[in-house]
Each structure stands twice: as C-alpha cells, then as structure tokens.
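Following are the structures in question.
Here come two complexes built around chain A, the first alongside chain B, the second alongside chain C.
For the complex of A and B:
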C-alpha cells in the first residue's frame, strides 16, 4: 500500500506540470492583462505607465520565459504578488481556503449525515408511503439548482426571520473571526449546497441498498438466523456504501474548489470568489495558485477514494 | 412409526401480483425422518427451491407468500411462529446451503467472521471461543490451513473450498435438518463427489437429516434414502430410492430416467421429454403433465389426479398406473 501511494503521488507531478502549462497558456491567450484597464484621469500618460508596469512584471518577455520564471519561483514557495489586490498571493489564498473549507466541510457533513441515513431508511421499507414522499422530495431537491435554494434561504432566514447573515464569511463585533462566527456565517450557504447533494446521496444509497439486499449472501445471512436489523447493518450497508465512495472522492476534490455562484450570492470570501475576480482582472499569479490548489485537491481526492476502496473492500488490493 | 422430524402438509407458496398469481408451490406433502436424506428432484421452475425457502420462511418478499399448509418441525408448526421465534430456528435447528458458493458468502467479511456470526447468534460463546469452534469446524469439513483461512476473504478461496465453508457455517450449530439447494451444481465433477461425500459424513456424525434439492438423478442415486419427484409445483411421485430406480411409476419419472444417457446403449440422440412445463400462472384443470405424457387419456384433462398410495410407501399422482 505504501509503495502504491508513493507511486501515485509521484505520478501527480507530471500531471500537475501539464495542468500548469495548459492553464498558463489559456490565461495568456485571453485578451488584455491586469494593467490594461487603468483609466485614472489624474495619470497623464497611462500608456507609459502600463508599459512600465508590464515591464516591471515581465509581461513583455516571451511566454515560455514567463512560464519558467513563474514556476521557478512557485516551487520555492514564492507565489508572487497579486496585480489587482496589491498583496502577496499567499496572503489572499490562505484565508480563502480556510473559508471555503469551513463551508464545504459543513456542507459535506450535512449531506452525509442526512443523505445516507435517509437512503437507508427508504430502502428498509421500499415503496411505502415514507419512501414515496421522501423520494418525491429528493427528486425536487435534486432538480432545483442550488442557487435557487440560496436565494430562498436568504429570503427566509436572513431577510424575513433575520436569524442568519445574508452575506460574508465573518461578522463584526467581539466574536468576529471565531470558529463559531465562521460556522454561523457558513450555515446558509452550506445548507444550499447540501439540499441538492443530500438528495443525490439518498437516492444512490437507497438504490445501492436495495440492490445489495437482493444478493445471495444476504439470503445466507437470514438463513443463519440473524435479525433483520443485524443483516442490514452488517451485511447490506457495508456492501452498499462501496459504490458511494466514488462520489465521496469527487466531493473531497471539490472541498477547496468552492462553489463559484454560491460564494458570489453570499459574498462569501472563499476560493470561488477569489478565482472569479482574479480571472476577471487577469490576475495571473492568483489564477495560477488557485488552479494548482484545485488540481492537487482533485488528484488527492481521487487517491483518497482509491485508498478507501481498499479499506472497505478486501477484494481490492494494490500491490 | 415415529413422528417424522419434518412434516410438510399441503404447503402452498404463491407469487401474487396485481394481475396474476403464480403458484410456485401448489399443495405439496413431504415427510423427512431423523437422519434421513430426502432428495427433491425436478426440472427448473418446478418449485423445488421455493419449497426449501418456504420451510425456512425466506420466500422472496414482498410478492412471495405462503398462502396455506403446515410445516411441522419437531412438533411445532413453523408457519405459526413469530418472525423472532423463526430466527431462533434458522441456522440453529434448520440450516441451509445454496447453489452458488461464489455469491452466497459476503465478499467483505472474513470467513471467520461469517462462521462465528452464527455461533454468537445461537450459542452463548465469547468471540474467542466461537473462533476456536469455527476453526475446528473448518478442519472437520476438510478445509486445509483452517486457522489461517478464518482470516481470509471468500474471493481468496476456490469454489469447492467455499462450498465447504458454507457447509461448515451451516453445520456449526449442529442443526437437526440441513437443506441443500443444488449444492453441487456450480462445482466441477470431482469436487461434486467430495462435497456429496462430506454431506453424508455430516449425516453420519451429527445425525442431521438432509433435504437435498437437485435435478441430477446421478446425485439422487448416490445420496437419497427417499425421493420426492416434483413437477409444476406438485409432488408427482414419492418413494424410497431403491424402489424408485427399480420401478418408477409416474410417466414423468419414467421419462426423466429415459433422459439419462447410458454407457451400455448406443444412441444417436439423447431422449428428451417433448413439450414444456405449463405456465405456473395458468395451470390446467387436469393433470399438469398430460400435454407431455406418452400414455395420456382424454380423462387426464378432466380432473387433477390425486397423490395416492399405489403400493405400500409408494405415492404416485397418476390415475393410469
């Protein structure tokens, strides 16, 4: 297992290299740069200023030169400076990752804590009144885009009931920035994502449970005299969760990605918002940093899913 | 005569859906004495497997339903027990092994976990004691390296070994009755013989009665004390094994015997019974075998023949013999 993980981690290096090349090229293929939009009437000769800023940031050098210059610095931990926000990239990315992680971990917890038990309960009494009503609700939740829920939740809890904040990742006042304050601000956005994905998880759990409960080894378990509850918890559930690991791995990859539209709606200062504003401003260094973080997260999420497979399913061994 | 260990009377198991009723088991009577090996023979879809699942009350839900009859086991009607009482019987008094050893074991649990589970359910043992007993039982059924295999998973074992594990699992509580639903069909011939031998040993050493479901008359000749031939959800012939092979009476049984290739005779083509089994959702009023029967009479289509004792201990469902 150890050698397998090492091999996979080493395999990520060339993949990340190609990702950075592709993103770098695409970014520079887009017209304009961070300094084109300088339009302060107080500046006498904006063209000269733009030219000097470009020269200062090596934007007049050939592309390949810029790329190797950037990557040379990046691997030594120097992630550069944001053109638009006038701050080191690391200082921008740090808090954004933290905010996004709080949001997405909360969303993941709500999703799994409700979605899987709901699917299990539905599968215990399939085609019952409970199953039908919760299934219909799940379908509705799953068919509605999450930003619709975001707007509804903001309207209900922030504007109407005034018990949750409508925007921001932290509040003001003595407790600002505490974990509780973070959770308080992340709850509505987290719920907006969860409502969709918990519906997805419950549908898949239900289907997987029903499929496994028809297997021969489940009949064997009954033939041994085990009670129904034990058969489900020990024999059905464990086998039914195996296919869900794929989705879980994808979720892990998205944990730091942030939901762009959602963070926009809630003005939640996470990775999504940071990336979008960087793209709009052609803020190359920020885009490169966030892209690499996304890529690493997705690759690690896939690796984690593969490791989890081996943990729960003895038929899967990496040697 | 002593009371039989298991007495099935007029058992009916139907699959009921909105617009049809499939009579999988349609009023069968079977007796099994202690230490007896009873073979239930018949072609696919004749209700053999449903009979065994009905005894265990494990008929597929929600459509399968035991609609009538009686399954008396050691004096109690199993059909009248609560589900809780029934779980005490399963795996403890009556065990079952299935056709496909490849799929009948849980792929994510070790062999040890799956065997000790039965002991922990029915016997007051610690995990350690249960594990020791599991190893002992595996050794008894001829599994090599038993102490290591308890920590292995089903996919690491061959089909024959898995079926031995299944037998060990079924026998670990020393049940009075073992139901084996085509236990050798999925195995190759040499392994088949070993598994059958093992089942005989189980009967001899644990005094376990066995219901062996099969469509292989070779297996029947090798194993059976008593044979029950089923056709279209009914018993058509029931007699001890020697008499059955010496003189089968029901035309269906005779036709089955005809279909066995023989080493002595040279035949161009193998005999097969013409026609097909009637649809279980629409059985005819008369004899269910009539359409395929070589000796049929017009009267056969009029009313269902009863299972009657033609000779002492020899029951046949045919009015013409």
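For the complex of A and C:
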C-alpha cells in the first residue's frame, strides 16, 4: 500500500505540471491583462503607468520566461502578489480557503450524516409509505438548484426570522472570527448545498443497498442464520458503499473549490469568489494559486477514493 | 483610480475619493455602469429626514455591494470600495459640499503666489487620534510616499499622479531624490503651514490632484520601509487616524467596525459605532427592510428602486450621477469622419425613450461632455443643442453627408460605395447594456443605418480592445464616472490615452487649454472657457452622448442626514448624521 501511494503521489507531479502549463497558457490567451483596465483620466500618462506596472510584474517578458520564473518562485513558497489586491497571494488564499473548508466540510457532514442513513432506512423497507414520502421529498430537493434554496433560506431564517446571519463568513463584535462564529455563518450556505446533495446520496445509497441485498452472498448470509440487522450492516451496507466512495472522492476535490453563485449570494468570501474575481481581473498569480490548490485537491480526492476502495472492499489490493 | 468597472459604478458614495472615475459596464463583481443609470432628480418616498435634535449614540450599519480589500493605508489599493472604507478614518486636504464645490477640510485655507505656481496651505487645528497634531511634516511624508519609487513600483500604486505636477516628482519617482523638501516642491513654513510649488501654471491642479491627498501619520510609519507597508499591521488596521471614525476591528474582507473619534477636529460624530459590511446586491433590499442595514453605500440598481420604495421606513434618493453613458465611435474611420454623420446619430437615437424604458426613468439624456450636475455644465440657455429625437433631421444630415438611401431601405456608405453596416460591441454581464444595444440597433435602422451587434464580451476584453484600438471595434457602449472637478484633460485632449474615440482636434485642444491657464484661476473665467469648449463638442459630437444616469441611495428613515450634507454624489460629513433611537 505504501509503495502504491508513493507511486500515485509521484505520478501527480507531471500531471500538475501539465495543468499549470495549460492554465498559464489559457490565462494569457484571454485578451488584456490586469493593468489594461486602469482607466482613470486623472492619471496624466496612463500608458507609462501601465508599462511600468507590467515591467514590475514581468508581463513584458516572453511567456516561457514568465512561466519558469513563476514556477521557480512558487515551489519555494513565494506565490507572488495579487495584481488587483496588492497583497501577497498567500494572504488572500489563506482566509478564503479557511472559509471555504469550513463551509464545505459542514455541508459534507450534513450530507453524509443525513443522506446515507436516509438511503439505508429507505432500502430496509422499500416501497413502503416512508420510502415513498422521503423519495418524493428527495426528488424535489434534488431537482431544485441550490441557489434557490439559498435565497429561500436567507429569506426565511435571516431576513424574516432573523435567527441566522444572511451575509458574510464572520460577524462583528468581540467573537468575530472564532470557530463558533464561523460555523454560525456557514450554516445557511452549508444547508443550501446539503439539501441538494443529501438527496443525491440518499437516492444512490438506497439504490445501491437494494441491488446488493439481492446478491447471492446476502442470501448465503441469511441462510447462515445471521440476524437481519447484522446482514445489512456487515454485508449489504459495506458493499453498497463502494460506488458511493467514487462520489465522495469527487466531493473531496470540490471541498476547496468553492461555489461562486452561492458565495456571491451570501457574500461569503471563499475560494469561489476569490477565483472568479481573479479571473475577471486577470490577476494571474491568484488564478495560478487557486488552480493549483483545486487541482491538488481533485487529485488527492481521487487517491483517497482509491485507498478507501481497498479499505471497504477486501477484493481490492494495491500491492 | 477608481475604475469602477467591475463594480458597480452605480452608486458611489464619495467617501473620500473625490476623484473617481470611470468605466462602464463591468461584468465581474457588481453591477455595471453604463446602464445603471437613471434619471430625474430626486424622489423620496418617505419624508426627508432631519427633524428634531441630534441624539448621540447608536450603531450605523452600512452595506457595500462589492468587497473592499484589507489594505487600509490611504491610496495603497485602487478599489473604490476600499477607498470608501478608508475615507471614514482619514480626512483629505479638501472635501466637497452639497453643490460639489471644494471646501476646507484638513487644509483650512490656501492662497496662490502671484506667479500662480506656488500654493500656500494652512492646516486646520486637527490632531491624530493619539493626540499628536496633524502637521506639515505629515503632508510632506504622505507626498513623498505617493511619489516614491517603492510606492510606484513594488507596491504598484496608482495614485502617484496626485503629486505628479509637483516640482521634483520625477526625481523622487526614479529614486534620485527622496523628499519634496529637497527638490523645491515643498517648503515647510511652520508646523501648520507649508507651500507646494508646481511645475507649470495650472488652474485645475489643486482640485484634481492635491485636494484628494489624505495625510498619513509620519510618527507612526516613518520607521517602516514603504516597500513593506503592504504587509504591515498598520495597513490591515490603521491604529492612528485623523478622520471622524477610528478602526475598532477589521473582520477580513467581510466587515469593518469603527468607533467615533472623540478627537475629530470637526467635532465628535453623533453616531457612536459604525459598521461597513460587504453584502450581496441581491439581498440588500431585504436587509434594509429588516433593519440589519441602515444605509447602502453601493450596489443598488435602478431596477431596485420601485421595490425599495414599497418598503416602509426606507428613504430612497436618486440624484443624478457625475458621469455619463455613451455610444463610442472611432472618429478617424471614414464612416464617422464627417461630423454631420455623428450629429445624425445623436438625433437618430431616442435617448429619452431608452432612459424611460431601460433605466426606468432614472437618468437624463445629455448632449455634451459635462453632466448637468457639474457646476460648469453648459445648458440650452448657453446655446447647447439638446439633440432631441428627430429622425427626419437625422435623415437630412445623412443625405447631406452623402449617405444615400439604397433601394432596400438601408443607406449606402459613401466611403465604400456599399451598403453601410456598422458593428456595435458591448460588455456582457448586465442585461441593461444588452437592451441598450438592441434599442440603438432598432433606432438606427429607422434612419436607414444597418447595425450588427457583436457578441457581448466581458468588460476587460472590451476595454482592452477599445484601448488598443483593435480593428474589430467600430462602435461600443461604455460610460465614464467623472472627477468632481470638470477638467476635460484625461478624456478629451487629442493625445489623451482615454480619448478612445481618437478625436484629434486642435481647436478643441486650444479651448481645453484655456480652461486651466492663468486666466482660469478666476472661477467665472474658467466656467466661461469650459462652456465655450462644451458648445464646440456639442456641435462636433466626437462621440454619441447618451445620458447621465442617476445614483441610487437608500437608507433607513431612522438615519438622519442633514439636507446640507446630501450631495448628488452621496451624503457627506458623517459626523453630522444621527440615529433616531
């Protein structure tokens, strides 16, 4: 297993290299750069200012030079400065990734904690009243885009009932920025995401459970005289989780990606808003940093899923 | 500075920055400009505030539709939203009044030398929040910072122009000198009095440049190298300030909390606590309605107005903006060389109908380069042609210019001998800009000019193509938000970088020069020169003026803002405001 993981991790290096090259090229292919949009008639000689800002950031050098210059600094931990916000990229990415992680981990926990048990319960008594009711609700939740929930939740809980904050990742006052404050602010956006994805997980769990429960080895387990609860928990559930692990692996990648529309609605300063504003501002250093973080998360998520396969499925061995 | 682009240019409170500008139609973060506009004056639904005696205390929560950057030393960051946050803690040398005239702030009085090259400024009796006086040395320190090589290169500062006209700015900029005191640009007369000497005689320089300087405390910052200010703790939360409010807590880019500065030289503010929050423009009306926000600094759109007016306890104001939307054309192209064609385009667009339909009436059609809200704007009484919608007249002008009507109802472009087909480019992200483009296409078809709409592009792409004179751009939609001072330079000189229409005209250049020469130090003379120039522009029509949009301001009726503090560009003098308890 150790060799397998090492091999996979090493395999990521060329992949990341190609990703950075592709992103770098696409980014520079978009017309204009961060400084072209300086449009202040009060500046006496904007062309000179733009030229000097470009030179300061090496934008006047050949592309290959810029790429190797950037990667040389990046691997040593110097992620450069944001063109649009003037702060070190790391200072921008740090708080954004923290906010996004709090939000997406909460969403993931709510999703798994409700989605999987719900699917299991439905599969225990398929086609019962409980199954039908919860299935209909799941389908409704699943077919509504999450930003609709976001607006409904803001209206209900923030504006009407005033129980939860409508905007921001942290509040004001002495407790601003504490973990509790973060969780309080992340609850509504996390719920908006979860309502959609828990429906997805419950449907998949139910389907997978039903399929596995018809397998020969399950019949064998019953034939051995095992209690029904034990059959479900040891034989059915464990096997039914295998396809879900694929989805979970993909979710890991999305944990740090952020959700642009959702973050916009909640003014939640996470990776989604940071990335979209960097793209709109042609803020190259920030775009590269967020892309790499996202790419690493996706690759690690896939690796984690592969490892989990081996954990739940004894047939899979990576040696 | 203050390219508002990306953000909403719509409503910009003037917080600090008197010099804002431009650009329209952003796509990125907020709403947009060129179309945010809006119209006629005024309109409040609730009665206007200010009754009774001011009460001290309370917390005022203000909202901005676009996040600020937590770089809070004045002029470190180029975002308008950051400038709004900085402006409540740092006073500029001069402020504006309700009618957009420059008035004393930290600079109490100023007098010009007889050769008009040197201005002597006396500072008000203001102190920093730690009790130290605001001195000439602080102003010099700030000017040196703005001119320094570190500011203009390492920190990527964009406000070097504020001190650009001062003697010695170039030498400081390239590192050959470090202080205006040694270059002859600045002379300290006493702790509270100094003089600044300019390279040339320029009647606009005090308003366009010097007035916006926000002094920073030398005694706090002098030991930190300027090149590392962007990572200094003072930049994240300035501890010593001279404005009406001091920073209590900066919560990332989410919110800023302030408390009233008891030492503020214009009097301790009535409202004890101030909070500025970043909120989504989509949620703002709801937050105003439930009282969690009392004043919206930016982010409201004309389409919100009707909705906002239905909320009880909310005051909505829509004064005209100091800016305009326009249809850009490249004047040097054969199609547009003849100014009669340009006049025909202005006559041929039903701008009032567009304002009424697209902007819900929140805007005023204009036909010249200074919006009506400027003190120097020329009026019809001065001889401005309003170019009221007149397709017949437009047709006659086109006939005179040789644009003969073809058999299929579209005109022939005399420069090519083929049916004219003009292309119009615009930015994506704002549905109103799209609506404008379609309306222009249909109006021009009525006078026989075929217009093809390019597919919309993001604002940066459009801006970069317009700026670089890309061949694919023939006509485009954009807007400018203007500085308070009506100086035409920057947009209108033949050599100006933002003269996107590439209008090269010696007569206009001479007329512009007369607006800032020695004679223009007299305000009446300057106004006369500006009017003369506007009449010329009005006749030559270098670009097709559309309208001056309205700003949209909304606030709780519990927030009392004295009428004398409500300028068309937003409320001023926060220390006078108070909250009904």
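Note that the second predicted complex is superposed on the first by the 319 of 319 C-alpha atoms of A that agree within 3 Å, B and C clash if a C-alpha of one lies under 4 Å from a C-alpha of the other, contacts with A are read in each partner's own complex, and residues count from 1 in each chain.
Just so we're on the same page, contacts are C-beta pairs under 8 Å (C-beta built on N, C-alpha and C of every residue); 3 or more make two chains touch, one makes a residue touch a chain.
Since this is a predicted model, take the numbers as computed values, not measurements.
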| item | value |
| --- | --- |
| Simultaneous placement of chain C and chain B on chain A, clash or fit | fit |
| Superposed model, angle subtended at chain A by chain C and chain B (C-alpha, nearest 10 degrees) | 160 |
| Chain B versus chain C as contact partner of A:226, first or second or both or neither | first |
| First, second, both or neither for A:313, with chain B first and chain C second | first |
| Contacts of A:66 with chain B and chain C, given as first, second, both or neither | neither |
| Contacts of A:31 with chain B and chain C, given as first, second, both or neither | second |
| First (chain B), second (chain C), both or neither touched by A:78 | neither |
| Chain B versus chain C as contact partner of A:40, first or second or both or neither | second |
| Residues of chain A touched, compared between chain B and chain C (which is higher) | C |
| First (chain B), second (chain C), both or neither touched by A:246 | neither |
| Where chain B and chain C come nearest after superposition, their Cα distance in Å | 49 |
| Residues on chain A lying within both footprints (that of chain B and that of chain C) | none |
| Chain B - residues contacting chain A, complex | 56, 58, 62, 84, 87-92, 95-96, 98, 100, 103-110, 117-118, 121-122, 153, 155, 166, 169-170 |
| Interfacial residue positions of chain A with respect to chain C in the complex | 30-33, 36-47, 49, 52-53, 56-57, 81, 83, 85-88, 91, 95, 151, 154-155, 158-160, 162, 166-173, 176-177, 264-267, 269, 273, 276-277, 280-282 |
| Touch list for chain C against partner chain A, complex | 1-3, 5-6, 19, 21-23, 26-29, 67, 69-71, 76-79, 152-156, 158, 160-161, 164-165, 208-209, 230-231, 249, 251-255, 257, 275, 277-280, 282-283, 286-287, 289-290, 292, 458-461, 463-465, 467-468, 480, 482-483, 489-491, 496-498 |
| Interface residues, chain A side, partner chain B - complex | 127, 215-217, 219-227, 234-235, 238-239, 242, 312-315 |
